[in-house]
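In what follows, chain A forms one complex with chain B and a second complex with chain C.
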Partner chain A sequence: MNGVIAEISYRALLGRRRVWLLVLLPAVLLALAVLLRVVDAGGERAAVMLLQTFAVGTMLPLLGLIAGTGVIAPEIDDGTVVHLLAKPISRPVIAQTKFLVAASVVAVFAAVPTFAAAYLLIGLESGVASGFALGALIGGVAYAAVFMLLGTVTRHAVTIGIAYAVIWEGVVGNFVPGARRFSIQQWAQTVADQVSSSAFLTTEITLGFAAAALLLVTAGAVVWAGQRLRSFSLTGDE
Partner chain B sequence: MSDLSPGTPSLGGAPAGVIHDIGYRHYDGPRTGRGPATAALAVHTLRGVFGLGRPARAKIIPFLLVGTMMLPAVVSIAVMAVAKQKMAGYTEYAVIMQAVLAIFLAAQAPYTVAPDLRFRVLPLYLSRPVTLWDYVGAKLAAMAAAMFLLLAVPLTTLFIGEMVVDLPGPPDTGGYLTSMAGAVCYAVLLACVGVAVASFTPRRGLGVAAVIALYLLASGVSTVVAAVMESVNDYDAAAWAWLINPFFLVDAAVQVGIFGAEPSAPGSYPTGIGVAAAITIMLGLIALSVTALVIRYRKAASR
Partner chain C sequence: MNIELAQVSRWYGNVVAVNDVTMTIGPGVTGLLGPNGAGKSTLLHMMAGFLAPSGGTVTLDGTTIWRNHDVYRSIGLVPEREAVYGFLTGRQFVLSSARLHRLPDPEGAAGKALALVEMEGAADRRIETYSKGMRQRVKVAAALVHDPAVLLLDEPFNGMDPRQRMHLMDLVRSMGAEGRTVLFSSHILEEVERVAQHIEVLVAGRHAASGDFREIRRRMTDRPHLFRVRSSDDRRLASALIADASAGSVSLTEAGLEVHAVDFRRFTRLLPRLARDADVRIWQVSPADEDLESVFSYLINRSS
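Entry: the complex of A and B
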């Protein structure tokens, strides 16, 4: 953890146009929760559907993508990462610091609004709010780690990231049950299911598999990103 | 050559500026002017969208997505040939493949605008006969042509396949022509909105994220609102909610509204005034995007 790098990363993430995207996504989630409340379609079933399809299914991967790639990819694109790498700071420490920044941003912009939306709809009933908040937190941290790694590996990190989130988790996961075992979204829902006792939320993956996978993927991605920065070579822009 | 060698101060003592002829070859060919220059820019951009004329790395993503778009058409022809029955319809093709179309748009629309903004080369273009409107028009035309090709090639392949396999009964020519008209509208709407959103940032990665975020937001909101409205038995509101998704909007406005095809959404679309509203929203979105683009480029060109 390095304070200066963290500060620079926070500024890159929150100081420019990027922050508007980060605000827009939770704002829409809360607006939908208010709408459900207004038309009186609340109730546990609607709340679980909103959180499953929108909060975890749409908002979480996008926030993870914007925060995860946002801490490292623009610097590599600009070439200003050279100044960072030339400093006598261990490269794994740089990766860890940037990961912590991305993870904290996802926690604030994903987990807190998820809890608020659920609380708005059904209060603390059957642990749905706390379950999904925990699921969004853990899943968002995993997304941030994976997409940060992607940002150090390729210049097309954002495109590959959305292809994973939309095609693999969205489309393939709907038709091929096996694909669901390798989906961060499904792991996050498993965590949510464990905390909440709601009958409307069912998941197929066991907690043991999901927890191990989340831990492995998060830690592995951060370590790999550090290794990747150690042997980083600058290539010309296309 | 004059007897004064270049650069020699004139007799008055004040230095005079001289342009040296250092031997570059002159251009003596015809100067074609504004129209061909705009067309050249459009063709260059269209090639670049598919990665042609760029390094191999830039070709991987567009061609993977083109391959994915072709997949249902090829599978469907194979099923027609073997099992003698139809699978995918023409008008629902774009709606079924909307995720792939959206990813292609998100991945490639920033390429058309971001590098020029980032490296501030706009004044170089505008110092030529090309005007601001020409530049914006060329970029939009290239992106729209790319989206149209992405959709029209699999549809046409499917149609040719259907004719070759020669199923009992007449081929679905009406459905094919309707879907081609739909493809034109899909291409124009998606390209205008995508390029307009992407032009607001000179960073390609952020542009990609912004376009896909808007698409996922629109489709997510429309699904959730429609499901909620159906759960309180308000089917009229649910029908309107589908229009939030741009793919269902064009389907409702053109393919269902004008040509009377079957709706491709899970529910039904608003009828009567709803068709006119859908067409108005579609044209309004296109006009809004073009206006935003021109305003954006006026600002960028004046820097």
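Entry: the complex of A and C
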């Protein structure tokens, strides 16, 4: 962890227009929760549906994408990353710092609103709020790591990230049973299910598998990103 | 400190960008000269640890540069791209560099570096409001903040106005005079000539020439030159020229005479005299091959 790099990364990520991208999705989630409450269509079943499909299913991967790629990809794109890399600081430390920034941003912009939305609808009933908040936190951290790695691997990180979030996590993960085992979204729901006692939330992956997979994917992505930065090359315009 | 390149090559797929280059960059100012696309940036990136050589070794006083972040204690790098955070002020940018180097007095070091590039006045404005030359100076300040023994600058004078250029040239010269190893790349001969004591010439990825700038300058001037001459009577001028040994060949074309001068100095003195004696009025004398490409290709052909 390097304080200077963290500070610059926070400023780049939260400064100016980009912060609105991070605010938009949680705002929609909270607005939907308020709407359901107002029309009195709340209840546990609706709450679980909203959190599953929108909070964890849509908002979480997109926020992970914005934060994860946002801490590294723009800097690689415009060359500013050289300012950080041409310093006597180990590159894995730079990757770890950037990951912590992205993970903390996802925690604030995804996990906290997820808890708030659930609380708005059903209070603390059946542990749905805390379950989904924890699931969103852990899943969001994994997304941040994976998308940060993507940002160090390819210049098309955002495009590929959106394709992954929509096609794999959205379509394949929901309709192809086997693929569910390899979806961050499903792992996050498994964590939520563990905490929550709600009958409306059922998952088919064991906690052991989900926890191991989350840990492995997160740690692996951060280590790999560090190695990518160690071999960072400037190819020049020639 | 010395940067040593031993039989360094770099290729991208089938394209060879740098081909078997061996050179040592020592204390003082070295200019890396070559036309655009010659592989200067590729070579400089390898010296800066931002590119792995495909073959050969690049070392700083014996230690490998690639994948070794400790070398940045001794290296300051000024990249060609405008790699600066627009949302930081100039002072914050240079200060971040000082803090990333874990200097004992980062504020003091940043202030000193900003003074060195004469940027104290604008230091508290955001970089996004800076002109290209100001950004360049702030990048130089960030690269100098830890007082490095080695300074690498990629096309540093690009985009600067003449006054800023003069000032940076003075700064680079004084860094070299202090015994630092300074290397900068340029495709402009005059820049290199004014700043560097030593020149390395790169053409088409190959190390074409190396040495004192006066020596290289002389070799460049002494090469055969091609001139296009237009006059009141091309035919009479041609016959007068052909009689002298300094004009290798003379051909008569629609656009005037094309004279291949073997001895540049002698030819430049000869032409006006001959014209006067033959009572021919000269309208135009223009060098037909004064571009750097042809100068460099001459050097290449000579050295191989």
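The rule is short, and it goes like this: the second predicted complex is superposed on the first by the 234 of 238 C-alpha atoms of A that agree within 3 Å, B and C clash if a C-alpha of one lies under 4 Å from a C-alpha of the other, contacts with A are read in each partner's own complex, and residues count from 1 in each chain.
Convention: contacts are C-beta pairs under 8 Å (C-beta built on N, C-alpha and C of every residue); 3 or more make two chains touch, one makes a residue touch a chain.
None of these values were measured; they are calculated from a predicted model.
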State whether chain B and chain C clash or fit side by side on chain A once the two structures are superposed. fit
I'd like to know which partner A:Thr159 touches here: chain B for first, chain C for second, both or neither. first
For A:Val34, is the partner it touches chain B (first), chain C (second), both, or none of the two (neither)? neither
Quick one: is A:Gly57 in contact with chain B, with chain C, with both, or with neither? Answer first, second, both or neither. first
I'd like to know which partner A:Val23 touches here: chain B for first, chain C for second, both or neither. neither
First (chain B), second (chain C), both or neither: which does A:Met49 touch? first
Between chain B (first) and chain C (second), which, if any, makes contact with A:Val176: first, second, both or neither? neither
Contacts of A:Ala212 with chain B and chain C, given as first, second, both or neither: neither
Of the two partner chains, chain B (first) and chain C (second), which one does A:Leu124 touch, if any: first, second, both, or neither? neither
Reported in degrees to the nearest 10, the CA-centre angle with chain A in the middle and chain B, chain C at the ends is 70
Name the contact category of A:Thr80: first (chain B only), second (chain C only), both, or neither. second
Superposition-derived minimum Cα distance between chain C and chain B (Å): 6
Where chain A meets both chain C and chain B, residue numbers: 238
Going by the contact rule set out above, which residues of chain B touch chain A in the complex? 54-55, 57-58, 61, 68, 99-100, 102-103, 106-107, 200-201, 203-206, 208-210, 212-213, 216-217, 220-221, 223-225, 227-229, 231-232, 234
Under the stated contact criterion, what part of chain A meets chain C in this complex? 2-5, 7-8, 11-12, 15-16, 78-91, 230-238
So in the complex, the part of chain A that touches chain B is made up of which residues? 17-18, 21, 24-25, 28, 32, 35-36, 39-41, 46, 49-50, 53-54, 57-59, 62, 65-66, 69-70, 73-74, 77, 155-160, 162-163, 166-167, 170-171, 238
The chain C residues in contact with chain A across the complex are 12, 17, 36-42, 45, 48-52, 67, 69-73, 75, 77, 79-85, 87-88, 93, 96-97, 99-102, 142-143
